[in-house]
Amino acid sequence: MNDPSAEVAPWDMMAVAMARLLKSGETVFHGVASPLPMVATLLAKRLHAPDLTYLNITGSVDPQPAALPVSTVDPALLAGTRSLVTLADLFDLSGRGRLDVAFLSGVQIDGEGRINLSAIGDWKHPAVRLPGGAGSAMLMPTARRVILWRTRHDPRTFVERLDFVTAAGNVDRVVTPLGIFVRHDGRLEVESLHPGVTPEAFREATGFAVDVDERTPTTPLPSDEELAALRMIDPEGVVSSEFQ
Amino acid sequence: MNDPSAEVAPWDMMAVAMARLLKSGETVFHGVASPLPMVATLLAKRLHAPDLTYLNITGSVDPQPAALPVSTVDPALLAGTRSLVTLADLFDLSGRGRLDVAFLSGVQIDGEGRINLSAIGDWKHPAVRLPGGAGSAMLMPTARRVILWRTRHDPRTFVERLDFVTAAGNVDRVVTPLGIFVRHDGRLEVESLHPGVTPEAFREATGFAVDVDERTPTTPLPSDEELAALRMIDPEGVVSSEFQ
Amino acid sequence: MIDKTTTLTEAISAIPDGARIALGGNTLHRGPGAAVHELVRQGKRNLELVKTAGAYDVDLLCAAGCVAAVSAGFIGYETPFGMAPAYRKAVESGRVQAREHACATVIAGLRAAIQGAPFMPVAGLQGSDLPAARGFRTVRDPYSGVEVYVVPALVPDAAILHVQEADATGNGRIIGTRFEDVLMAQAARRVILTAERIVDGEAFADAPETVAIAGFLVDAVVEAPGGAWPFSCTPLYEYDTDYLAAWVSAARDPDTADRFIAERILDPAAAVA
Amino acid sequence: MIDKTTTLTEAISAIPDGARIALGGNTLHRGPGAAVHELVRQGKRNLELVKTAGAYDVDLLCAAGCVAAVSAGFIGYETPFGMAPAYRKAVESGRVQAREHACATVIAGLRAAIQGAPFMPVAGLQGSDLPAARGFRTVRDPYSGVEVYVVPALVPDAAILHVQEADATGNGRIIGTRFEDVLMAQAARRVILTAERIVDGEAFADAPETVAIAGFLVDAVVEAPGGAWPFSCTPLYEYDTDYLAAWVSAARDPDTADRFIAERILDPAAAVA
């Protein structure tokens, strides 16, 4: 029990890492099936970004939900909102360049930070029909910063070549259970490895070439303050639901 | 006092004539500065067109105002509405072919039923800058039927040639203090003369050639029922305000 | 005032095979569950379903053989239940065509329909394979010369929406999130409203801001208590976790899906709504 | 929460000469009267005014020499007071450019701005001289080949809106008709809200449907009781018939208009709002 990283669940590490990427004053959006972004955004707002504007598909603005829903489109996320906007309003906000951050994900993610949520195999005759990219094809080129997250980090997810490019655009960071990518000059680079993750493990889990070694920084562990705030926001542990 | 037409004010005659043109089940819209259409629509709804849908710029649907405002954009016209739509919604309704009737007017009206609300003289360097056509350039080609009304019937209003075509489109009828035009094959024809109006007077008041003689029908006088309903809807006589 | 109230059977029987139907709600929430079940019971065929993000509605209708195409941005149950197995199989087998959209392009297509425009420009889409795959074209802005993607008008033959309260003339009050219901009500040629309860609409005049669906856009109103089930209907009930889990499990295999539909939807004794 | 409250002087001083300003309300109703008077007092120049249907606001600003262009569908006082004399003279003399729109093309231009699209298609306009006079172009629908008029994006530098209630973070409750205020708040680069009163926004959470302006779109909030005057502000006050009649009468002649402005707007002792 000497390794404090063993006590931090991967969902907690991811939520905290995602929250740290948000700044006060930013407009931040997540869509369907996004428990980690929901928790991360509320966490950032409680900690270092009180003036962040939290937006989601329910149309709430800065809701203060008493309990977090597992479905991130749940009208439970309306609690406390002082106005109602629509999903169309939020796409418009992004379209005119006023959405600062969109959280998106991909079943496949390539080395440019492009995503596939459409199909495995041929799009017209797919081996696996995936759910579809929801708002991503519109949001990824128009949001100022896109933060990707994915709870799986393996070579089938982080691939050399996407079967289909559902969306491409302004990816800034990619957060996984193993570490954080940052995009420089159009390519994903490793920014940090989460505590306990070796460069070899990260390299083997990634299907495209990455430059990672013992000099690669380590993501700071969640602080006591961060973990306490996380427990306060999400006592039921909805943040872990994406890992089931 | 043998001529009953002498007792009917021109605004009453016009309001009743306009009301008769509306049918139950139709969606009917008027815009700014439209006391006569406001009264006519409410009158039709009370008399023969109970299922007409009355729409206006306040965004009300079938309002039941206790007293009529002189300004036809007045939020007083919201009274009793069960939903709020916007002016944009109403233009959209027309754009997709679902607006049955739009009431519009013109400072100049030509023999094709086109209107000028923009300028007298050269549009770029106008002798008189007029208010502008409001919604007419969009509504006239898209509403299923356009009913024009104008409280002035003289050769400066009904002209051979417009100084500027603000709007053109689906004009069905034109109602004036002297009579009613109907459009056939793209030309305004005289449908009826109001009681007491001679063919000569009508011809002299109209700046384009019209076919009118003693065989031209006479607009039926407002019935007692029509006048009683008119007084009930508009006890203050807002209907006359366009004649001041 | 026109009384537009009718039965669910009547309202749904007006929808022909091959119709393009917009379904209200979003993923697990305020979908028109009862109406979807009635579509299954009436054995509709070759429907095109329109939604930004669908779940049980699209999945069930695919399993029941009602669907030819799905125009949507996302089909799945979100985290609780994962992917939509029957939809997935139907597309993979070629029985159903996935007319994949971004959610924003569904909205753009509905907006074009609403405005009577043949197409709607939409920001974004650059770098995506979707425009080529779907045939979305660009046009050049005649003012700036910039190329922008445009989406063709998406006109539903019918929109089926479930609301908490409606009056007999079709005014529909939505409590909470409206999702794309208002756009669908404007874009569709025909609007069918199911409502938890039908109320005297005079009360709506006190708070018309809450009446999301204007009655004059609506063709049929059906009183359907519990009519969103198994979707949620705020604040009356949550989505039915047990039922949806049972369905998703059954939907993985065509035979168990058929049996589930026969026993829990088609069997009058089991009438679900 | 960011406290965005400020004074009218501060809020209006952030608007530079030459700005394109969208003004809320419609004809005689809920225009931002106090803010318009402050624009006059601060001697703004070369503004472009954007509105579907304007009246006193546009007329006064033209008389006061603040305006270079007016992008609107209708400028007039409706039946009670007729045409807008100062606007009319300003256009006829060439001092102000009438960028005439249909009200629907103002809305289309705002919609393009809102959506981040370079242009917006708009139904209608066929047969009108407006497209040629204004340079509105058509584009060919790449799907059907149909030609449709498109309007360029109309992005206001600022929108000035008057509402009945606001909270300090910019949420604005509009009672009654919203006119084009919501579109303006979304389209503009900067939003200034004046409000009859500033309230604790917690109460807004009980009826968010009535909050037409979302606070995160707003930059400045000014408490301005009577701030629509001489426009109406439902349900608090009607438009000021006597004042408007006096103004319209004065506005027919530049000298009397100047005197009216000096005595009733510029003179601090007569402070109108």
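Letters are used for the chains, namely A, B, C and D, taken in the order the chains are written, and counting of residues starts over at 1 for each.
The criterion applied here is as follows: a residue touches a chain if its C-beta (ideal position, glycine included) is under 8 Å from a C-beta of that chain, and two chains touch if they have at least 3 such contacts.
In this text, all values refer to a predicted model and were calculated from it rather than measured experimentally.
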Between B-C and B-D, the pair joined by more C-beta contacts: B-D
Per Cα centroids, the chain farthest from subunit B: A
For subunit B paired with subunit D, centre-to-centre distance based on mean C-alpha positions, whole Å: 28
Centre-to-centre distance between subunit D and subunit A (centres being mean Cα positions), rounded to whole Å: 40
Between subunit D and subunit C, distance of the C-alpha-averaged centres to the nearest whole Å: 38
Junction residues of subunit B, two or more chains touched: 78, 84, 91, 94-96, 142
Sequence positions of subunit D contacting 2 or more other chains: 115-117, 122-123, 209
In contact (per the touch rule at the top): chain pairs: A-C, A-D, B-C, B-D, C-D
Of subunit A, residues touching subunit C in the complex: 31-33, 35, 57-59, 70-76, 78, 84, 86-88, 91, 94-96, 114, 118, 123-142, 164-169, 241-242, 244
In the complex, subunit B residues that touch subunit C: 27, 50-51, 53, 55, 61-62, 78, 80-85, 89, 91-97, 142
Subunit A partner contacts - residues on subunit D that touch it in the complex: 1-2, 113-117, 167, 169, 171, 186, 201-202, 204-205, 208-209, 211-216
Touching residues (chain side subunit D, partner subunit C) in the complex: 112, 115-123, 137-144, 146, 148, 150, 152, 207, 209-210
Complex interface listing, subunit C residues touching subunit A: 26-30, 52-53, 72-76, 78-80, 83-84, 87-88, 91-92, 94, 98, 100-105, 107, 111, 122-130, 133, 176-180, 182-183, 232, 234, 239
